[in-house]
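What follows is a short report on a single structure.
A, B, C and D label the chains in the order they appear, each numbered from 1.
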């Protein structure tokens, strides 16, 4: 009997690399025979570059994309730094998929409000593409996306052009301060969300971004009368195994890598606030 | 149960009570009884009720000064009960600028040496129901009657060779001093190891260190390990690997000990804390002995004003290598 | 570096890692080179700003990764470019040398020498002597990380 | 299957068993007793109640290399480690056996199973040894464990009247006893009736504790409890039910290996993220995590408290901050000992 060690990575190859912002790159990755594994939007994968080790990243592409996996990665640490210096054709290790992913079935028939900040668009992007590829399943789509500056917005072309062109879809961009040649909104994401005055009826809000942004977005949504079960967010914790054993991402009875990273605000409120 | 000298405890309580309730300090670090009569654990007393729990007996081995690093973040001024080794630990932290003298009141407790429960059990042949002490002897209370042993024979290793049982620094000395002790044997194990052939000595350490779990209790309990970030946790460069390989064991223990050169106060908390009984004091004492031999007698923590030997030099210093 | 540390057991040659002070010993090595003096190729020189820069972890890491001997070379006492670096290191490295020996290393495995920038001849001599001594002792296994060897 | 062997003949048994594969048993190593692989001349100590470090090492080794890697140019090759050989673990006391069963729930029963653990578990024959005398720190009675019996082991062994009685409880156990047939005598005439061993009883009230703790995450009692904690990892490493690990690489650009090793929630770096944010930044958060995991999180998932009363944290914590104190703080009642 050949058994499978869940910690063992498989080989994957870098197809190409896009420089999104000064510190964010998008890697397109393919397994030995096409996609290394099937997955759902919101799930993550463990990428490894020996001898620096492994780190977990959310998958940016949609499962409807069958050519490759995409990862938008910010250079913040050892492994992410190394992933910034890979070249096309280079092989890395990959294992996954990990986590629960977004509840795409429960979201069916609802209007969707995506609220992203900076690199926080990475996991949302997977879901947004998925929804566009299953357009008839979902209602009106609003996308609020912001960053510190226009240069820090990722996937600018896609966001501004293709997404905005989708039927029944509105894209709202914002940056933290005035910049030359920026004709969009200026202001923090949470404030902008409040200003846009979204109605909670039959709507689900999905938010991801830096912790401080999430904190204020949640307050804004509360003011707009969204109930906790209408708000979905993803958590970020340090992880080593991805399968709910190594203990780092343990929060109350859940392991974020296995039972998350996607939680409704209602679920989150029941957990110890250690994230 | 352990018979405590209630008069002494009363003296201690009264002394700290005045300062605590009078508002001079907002917390007293002392000891209280643990689950068993042979355990006394740290007490962080902030009220009169807390002080009721305060104890002073032969099981107060835990060095309290280390806690100051954390406690002074939350308190303007705290009181600490200090044995000889706790006071030397305090002086050490003072020398490293980790604590401020005016933030602490030291209550000096001359220490008769703490007892080792393992030795008590061994002598009694079982777990005694308690002990009593009388002038250098310990009476073990067992089912088969009382048994008297010499106090010296049942002390903790760390206390057996203690030279300075009286606090070297204090604001108030609470009990009568013990006087300096002779500890002729403190370097004996080091000398025995020095006499071995190199390979044999390596094999000895290889075996002893192989038990290391890398729990870092030795480091956390140690008053010289006060770095904000330990080399063990440094990521870049990564000096300490996490594997349990012999080479990683040596890396940790040699560097740990070496960082104590001229700074180790020989309190033995590292060795007492080790869950697998690695003879860490042999490494520490080797460095104490060598520094004394090469650069003159120095006892870390005894005098906060004295210059630590590795922070100074003399142009005519000897060397342990050829200078030709 | 890793290739340099490889150990061919058949025709074993010792590997000596020498940390040399930039101002004196390293310049001494340069002088030895420009004066066409020879010393064994077994010595790998690593330039450091001052012998006072030596962190004992450098030495232990060298042993972990395959060094058979480590030699720290600095300016003569009194000649430090930074006034007192070598006075400090004399104390520190004396204590460290004894600790390394106490751990079971042969005394020859770790040495400290003072070599000035004008002592090209001394540099060559010391390096030769160290190499000969280590050759006589044989390969060092103490503290060597077996895993490092197996992955080269 | 019941067998018996005289104690004098045990060295022959060790030799015979270890000829067939690695045999791990309690060995006196200087002042401590540890589970170690048998070798000629090892000082076996079957009297010691508890080893300093629990036998979880056999299933979740403190260090386990599970792959090698080779990099050549842009290529990366991953080479899985070879499977482990069958082993015998002899002399596990009932508390430690219960602890292994707790680990099984996480590593085998909970999806996905951890193959590294599972293979070791399947390949190991566990011989449990009932206790004759409790250690002063033992309190397994509080967890309804009878130290004189060890149901669930492949073989249960009892030291009685100068002999070792062995009873196979599983097929693996029967196979083991068959392997040593020549040395063992028929034990059907012997009494295998487990006796009764009383450990210290702290009178801990465990019923309802997990539910009670659910609302006490922000309880001020944590502010006091953590204070004496030094922030070392002794409690986690000597705990038979702690199972956190780390994954690390060793090597260089061209090649090396990846291993997992024990880690501890008591360390600051355990949860620190690449950007520097740490969800459990201080000793208080970490102490709370450890005790809440044992007393609330684990029970909520698996229906039982993750402590077996082995007493190792009572013995080894340098400042006597142990799980009994935590349970007492949060509602378990206590019987004053001293």
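FYI, a residue touches a chain if its C-beta (ideal position, glycine included) is under 8 Å from a C-beta of that chain, and two chains touch if they have at least 3 such contacts.
Here the structure is a predicted model, which means the values were calculated and not measured.
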Most widely separated chain from chain C, with each centre as the mean of CA atoms: A
Whole-Å distance, chain A centre to chain D centre, using C-alpha means? 39
Determine the centre-to-centre distance between chain A and chain B, using the mean Cα coordinates as centres, and give it in whole Å. 51
Quick check: how many Å separate the C-alpha centres of chain B and chain D? 30
Residue numbers in chain B touching 2 or more other chains? 243, 245
Check each residue of chain D and list the ones that touch at least two other chains. 246, 248, 250-252, 256, 263
Would you mind listing the residues of chain C that make contact with two or more other chains? 147
What topology does the chain contact graph adopt: line, ring, star, complete, or other? other
Under the definition above, what is the set of chain B residues touching chain C in their complex? 190, 193-194, 198-206, 231, 239, 243, 245-248, 250-251, 254-255, 257-258, 261-262, 283, 286-287, 290-291, 294-295, 309-310, 313-315, 317-323
Chain D - residues contacting chain C, complex: 68, 250-252, 254-257
Give the list of chain A residues in touch with chain D in this complex. 3-11, 48, 50-55, 76-80, 87, 89-93, 211, 236-238, 240-241, 243-248, 250, 252-253, 272, 274-275
Chain D contact footprint on chain C (complex, rising order): 2, 147-148, 151-152
Interface residues, chain D side, partner chain B - complex: 29-32, 34, 52-53, 62-63, 136, 202, 224, 227-228, 230-234, 236-238, 246, 248, 250, 259, 261-264, 267-269, 283, 314, 316, 318-322, 324-325, 337-338
